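Notes follow once the structure below has been shown.
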Amino acid sequence: MTASAPETPARLPTRSARREVPRLDDDYTQAAARRRMAFLAETAGVTPEHIGRYSFDPAVVAGNIENFIGVAQVPVGIAGPLLVDGEHARGTFYVPLATTEGTLVASYNRGMKLLYEAGGVRTTVVADVMQRAPAFGFDSAREARAFGEWVTASFAAIKAEADATTRVGRLHDIEQFPASRFMFLRFNYTTGDAAGQNLTGKATQHACTWIRAHYAGIRDFYLEANLATDKKSSHINILRTRGKRVVAEAVIPERLARRIMRTTPGQMFRARQVSNLGGLLAGVNNNGNHSANGIAALFAATGQDIANVAESSAALVHTELLADGSYYYSITIPALIVATYGGGTGLPTQRECLELLGCYGPGRVRKFAEIVAATVLCGEISLGAAVVADEWVTAHERLGRNRP
Amino acid sequence: MTASAPETPARLPTRSARREVPRLDDDYTQAAARRRMAFLAETAGVTPEHIGRYSFDPAVVAGNIENFIGVAQVPVGIAGPLLVDGEHARGTFYVPLATTEGTLVASYNRGMKLLYEAGGVRTTVVADVMQRAPAFGFDSAREARAFGEWVTASFAAIKAEADATTRVGRLHDIEQFPASRFMFLRFNYTTGDAAGQNLTGKATQHACTWIRAHYAGIRDFYLEANLATDKKSSHINILRTRGKRVVAEAVIPERLARRIMRTTPGQMFRARQVSNLGGLLAGVNNNGNHSANGIAALFAATGQDIANVAESSAALVHTELLADGSYYYSITIPALIVATYGGGTGLPTQRECLELLGCYGPGRVRKFAEIVAATVLCGEISLGAAVVADEWVTAHERLGRNRP
Amino acid sequence: MTASAPETPARLPTRSARREVPRLDDDYTQAAARRRMAFLAETAGVTPEHIGRYSFDPAVVAGNIENFIGVAQVPVGIAGPLLVDGEHARGTFYVPLATTEGTLVASYNRGMKLLYEAGGVRTTVVADVMQRAPAFGFDSAREARAFGEWVTASFAAIKAEADATTRVGRLHDIEQFPASRFMFLRFNYTTGDAAGQNLTGKATQHACTWIRAHYAGIRDFYLEANLATDKKSSHINILRTRGKRVVAEAVIPERLARRIMRTTPGQMFRARQVSNLGGLLAGVNNNGNHSANGIAALFAATGQDIANVAESSAALVHTELLADGSYYYSITIPALIVATYGGGTGLPTQRECLELLGCYGPGRVRKFAEIVAATVLCGEISLGAAVVADEWVTAHERLGRNRP
Amino acid sequence: MTASAPETPARLPTRSARREVPRLDDDYTQAAARRRMAFLAETAGVTPEHIGRYSFDPAVVAGNIENFIGVAQVPVGIAGPLLVDGEHARGTFYVPLATTEGTLVASYNRGMKLLYEAGGVRTTVVADVMQRAPAFGFDSAREARAFGEWVTASFAAIKAEADATTRVGRLHDIEQFPASRFMFLRFNYTTGDAAGQNLTGKATQHACTWIRAHYAGIRDFYLEANLATDKKSSHINILRTRGKRVVAEAVIPERLARRIMRTTPGQMFRARQVSNLGGLLAGVNNNGNHSANGIAALFAATGQDIANVAESSAALVHTELLADGSYYYSITIPALIVATYGGGTGLPTQRECLELLGCYGPGRVRKFAEIVAATVLCGEISLGAAVVADEWVTAHERLGRNRP
């Protein structure tokens, strides 16, 4: 509904001189952080007591933040054991989840219990690719098409340029999407243990500098123009993968569903059909229940870029009622952006959370992706069962902060 | 591309007995947290040093987390001054952003500088509504339609039931979406300063209990079936609003664009056209640049539910090149889920971050929504200009943790 | 894949003087049509023999076409009996289908046979509404919101203006969709037996003239700006209906599926699940099989606007495997644009086709909508079964013109 | 709004015996057609006079229709001259349009006049590909991925199987889309002058028979499961092309816009921006105006499959206001399904309409695709200008059949 104007809109205060947030030459220090805190006390009249209570030397956050003043202390709870039957993650895990939403850890924990009893979650990384998608403009569509043919013919040279800028990134292929007098190219890379948005940006820019020097007639060039859709959910990424495309699967025997979830596969399956219909109506990017909850909580705990919840929360749920009455449940996460190296993964608490999962350091990123997907599946089933068993609101009443 | 199987997949370890995460009777205590830490040391072989370094009594996180072990320390930086010309937020603000992505604070800060010089960001909450969307199944579409007519006729009674369960929530209207032999109802509420997912769940469940007692012939009932799409991005929420629908607008004089952004309105506008085309191709839920970055950083700092980045990151950007050469830039955020009460907003650091913005306590939620939207707009323009001025990768090289 | 340039692109012929298609004062006559035919013989060097063979006086096509030269003779076949258990259409119908696609009539006929044996198709028009959606621009989002409040308050006056222009159209409500500094209004009308695009255009324009005269501060006005999406498929119309929203339902006993379709409900249901998954991946506007086939064939036969196949072909299929082994199958067509009055419905063959269905003349449009939906359902099941029974290609080999 | 139940729903007539539509041994004859007409007179009580007035021997429609009774006579008008600067279509064309919507021919004609004066429409076929997309199910996602690797390795053998079934079709590549425990394959073919749905169906079925014989572990197989989305609009086809991907472009000098359209490039461009915003809100598959009108009219005239209007009506419009005040206008049609051979193209009036365009016979399909795209562009600009100049309703009042 329309939000009406407030009764008496205040006058915009006369602007005094603009006061920049102070920075010191040696800016990643407690002194610099305290200086900014003092500035805030002066300008906002607030003196935070907790934000400044962190357990590390500010030098460690250089490269992760600017104008550092302290930390948000986000509560971490543990769910588990999560039993994973992956290719990279194998065995049981206790999963750190950072959240402020009461019930979340308990709900994931309940799903983990069910799927542990059911034999674990099978996980598979089915694709792995990170991209930048520059746009090139020409005089007409015909020139754009000709450019596309040249790109195809020049792939080896373009790849050499791109790969030269990065130690771990490798250009795999370039997809072409022509529209109007533009050719959008989608540079697909493997990126090792990094999420890879920065390294693909650098590699693609370098390759494009070479392209622009070697191809005449380019009228426009943009390193991005909404076809890689970083931090935005898009259909192209559901189709073509961004980051890891991971499938988590499990089979739930009927007796376990009854015992632990107080519902049956038949009832859950029926609810799923209606959710599919509702999701089609809604035009949702995820026909499942709430994968964003588990993903956001794991991302916050382990130093992933939480803005990537935007695209990582897309999902495809497919379930089957099996002949023996058990329930096959799968979720496909087509654009899971994760890293075990770079970004925030090396910060103190974040690194510890990765270490709890055995996922810190080189060669662990697919293991981590599998754990994320397995966690997500547990949460899907737990919430799905709660809705069917009419226990959803009750659980939130019991565990959540439902004061209003 | 396909992610191949690893060379030698390990055997799934023989499952030993399932060990639950320990809980104590008095579970929100340092003792309980330490007990779980000891358990993790035993099971995972890891002894975290930093996670357990928090500055508050664990009793405060009851209702926000289960199986508490400590905190993720997420670095907070300050951007500003942000000049807001809103109806609820008026004047300058220094904005706490919690992130691990280098460059983010600097980039938002740059946009804030530009728009400060340009006279500030105008913000308007144009709609405000939270919902639950139960599905009711019948023998046929005809019965579903008849039920819809009864719901329309019974609105007053249904509203009385819903409103009775909540102090701040008020049922505003019920939208009907028939499909197959189902009637999906969308209960739209105002929810005061709370985000409202829980209170609307409780109110709707209560109302539906009344409905089911008073209407014969309901074969299926689900409190949710993917038509409210909590924590998922959907077209229905882009169209019909979920949480706050906020518009942030600014006009950038050409000379400022040149001086601060090293580009021109004409160049930025041209790039925007190509981004619109790319976004249509991609099927993206946001034709802008990266609103998720600012939203996630503000959410993490202030105790919002970060899983809501999933739907809050949808956006509609519309810009105009004005006759005098200046640049009108707007972003509409159709599903911004925010609270200044309940959830994680009262936790120590989170509350302090809200206080820095003058947004803690009753009657502040629209003020906070306006600050979020204004912040987002600054980030849009800053990144947009960087792409056009070819400075994007360079900035990440300088400020980010681009080691791979 | 890229379509390469042809080997030797011809030179664009020197433009001679532009020769307009000739028109006579009395233009809807055989003489005028022949004059244009002669002109084509001269300019294109082609003398059509069949196009000019029509069975009516050209005077009848005034208002339906300009520069008339003759007719496309589109073959019509008959499928049936179609047994409809609707509210408006009741009993058996023999359905005229105009198409050039071999197999189409046979396939629909097969589905009609199955559902006749199964007891017929239950049809329900669950919503009925046609719209225009003008956009109004303002100085800022705040003014756009204020305008929306004024529109709500002024609804009675606006309705009086709109309704004054039309005998059968009635303005039902105005939905508001704010974005940036624009307010998009969706005027929803009932339109009697007409499809109503023209009458709603006229009524809305008239109402908007009044609005613009009575509300100060409107900077931009467009009678359409892509929010009614005439002749385009859109999510808003799937959600909110355009034209008729019709549901067709049937229950197929297992023995009939086996006998007539050589498959089982279980097999069909399983295929449906995979089609739902594929459709989510594809981002399709219709998770069913091929409703456009039946709709286009009925539209061409009965003088509907065939361009409306664009939006009328959206659909939501929902099926259920029932406890007794039978198969509940439903299709919801959310934007079926049909008329039994106006447009092409009164032309000679088109009127006859409507008369064959008892659908010509006043008060028949919902009957016709029900017949279309029932026909569509028969085709869905027939093709769905053929894919499952692996008979699809075989049928096209036998009946279609598969010469390449 | 809800469509209520009618006052007095009639009783469903007692079913008499089911009477099939009569067929004769020699069914494509006047005798057979008359026999069916007599049957309709008996069953429906209607004796059509015009449907039976066709100008050809019914033998010619064998392979195009079953249960033939006659024809729908759809009025054809001529628009032109259309000046095309294509690679295959070059020079002026007079375009036959079959429609019953008054104003349509006149509106396209007006656009053709404008673009003739402006130097013509540049057209480019940028991609050309038709597909079938079978789905294969496995025990788990891991097996589905392994199958995908085998398909990649076996491409040459699969291609040999597919190509063996068709004279003109050639398998170009197979795209893989994994989800859950399924692997969806998209077989992309070139199909000569045929639209190719049937030949790709046959070729893919044949290839899949080979695959199923040579690969163990396939649990499910469906030749289609909604990833090629024949006759349905989908995002995958907007991205990846289905049929012809054609771009039509033109530049309109300001003086011509003023003289012929009574508006200016600046006004049209501004309206386009608002239409883009409205289209994003609506979730439309075409940010342009009404391409379905021109496509449907050309399809009906020339024997294309009119059900393909469903996917062919998707479009991407991109325009630019140029420095000299002129207006660059482009439309990209990503899934234009056309043929100049097979299907209905050889029927008498349909072939004549193709001949009028010099598009009947081998090697003409891209020429025809270019003419369709050029026609569409003329209609886009004409309607776009009418909306801006506020002449849209007036034109329909003057030329259309707006009796309600």
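Here are some notes:
In order of appearance the chains are A, B, C and D, and numbering begins at 1 in each one.
Following the convention adopted for this analysis, a contact is a pair of C-beta atoms (placed from the backbone, for glycine too) under 8 Å apart; a residue touches a chain by one contact, two chains touch by 3 or more.
Here the structure is a predicted model, which means the values were calculated and not measured.
Minimum number of contact steps separating chain A from chain C: 1. Chain B and chain C have Cα centroids lying 38 Å from one another.
Measuring from the averaged C-alpha position of chain A to that of chain B gives a distance of 14 Å. For chain D, residues that reach two or more other chains under the stated contact definition are 2-3, 5, 87, 126-127, 142, 145, 148, 177-180, 182, 235-236, 239, 245, 270, 276-277, 281-283, 287, 316, 318.
Viewed as a contact network, the protein chains are fully connected, with every chain touching every other.
Residue ranges on chain C touching chain B, taken from their complex, read 87, 122, 124, 126-127, 140-142, 144-145, 148, 177-182, 235-236, 239, 245, 247, 249, 283, 316, 318, 330, 332, 334. Residue ranges of chain D in contact with chain B, taken from their complex: 2-5, 142, 145-146, 148-149, 152, 176, 178, 235, 238-239, 270, 273, 276-277, 280-283, 287, 316, 318, 320.
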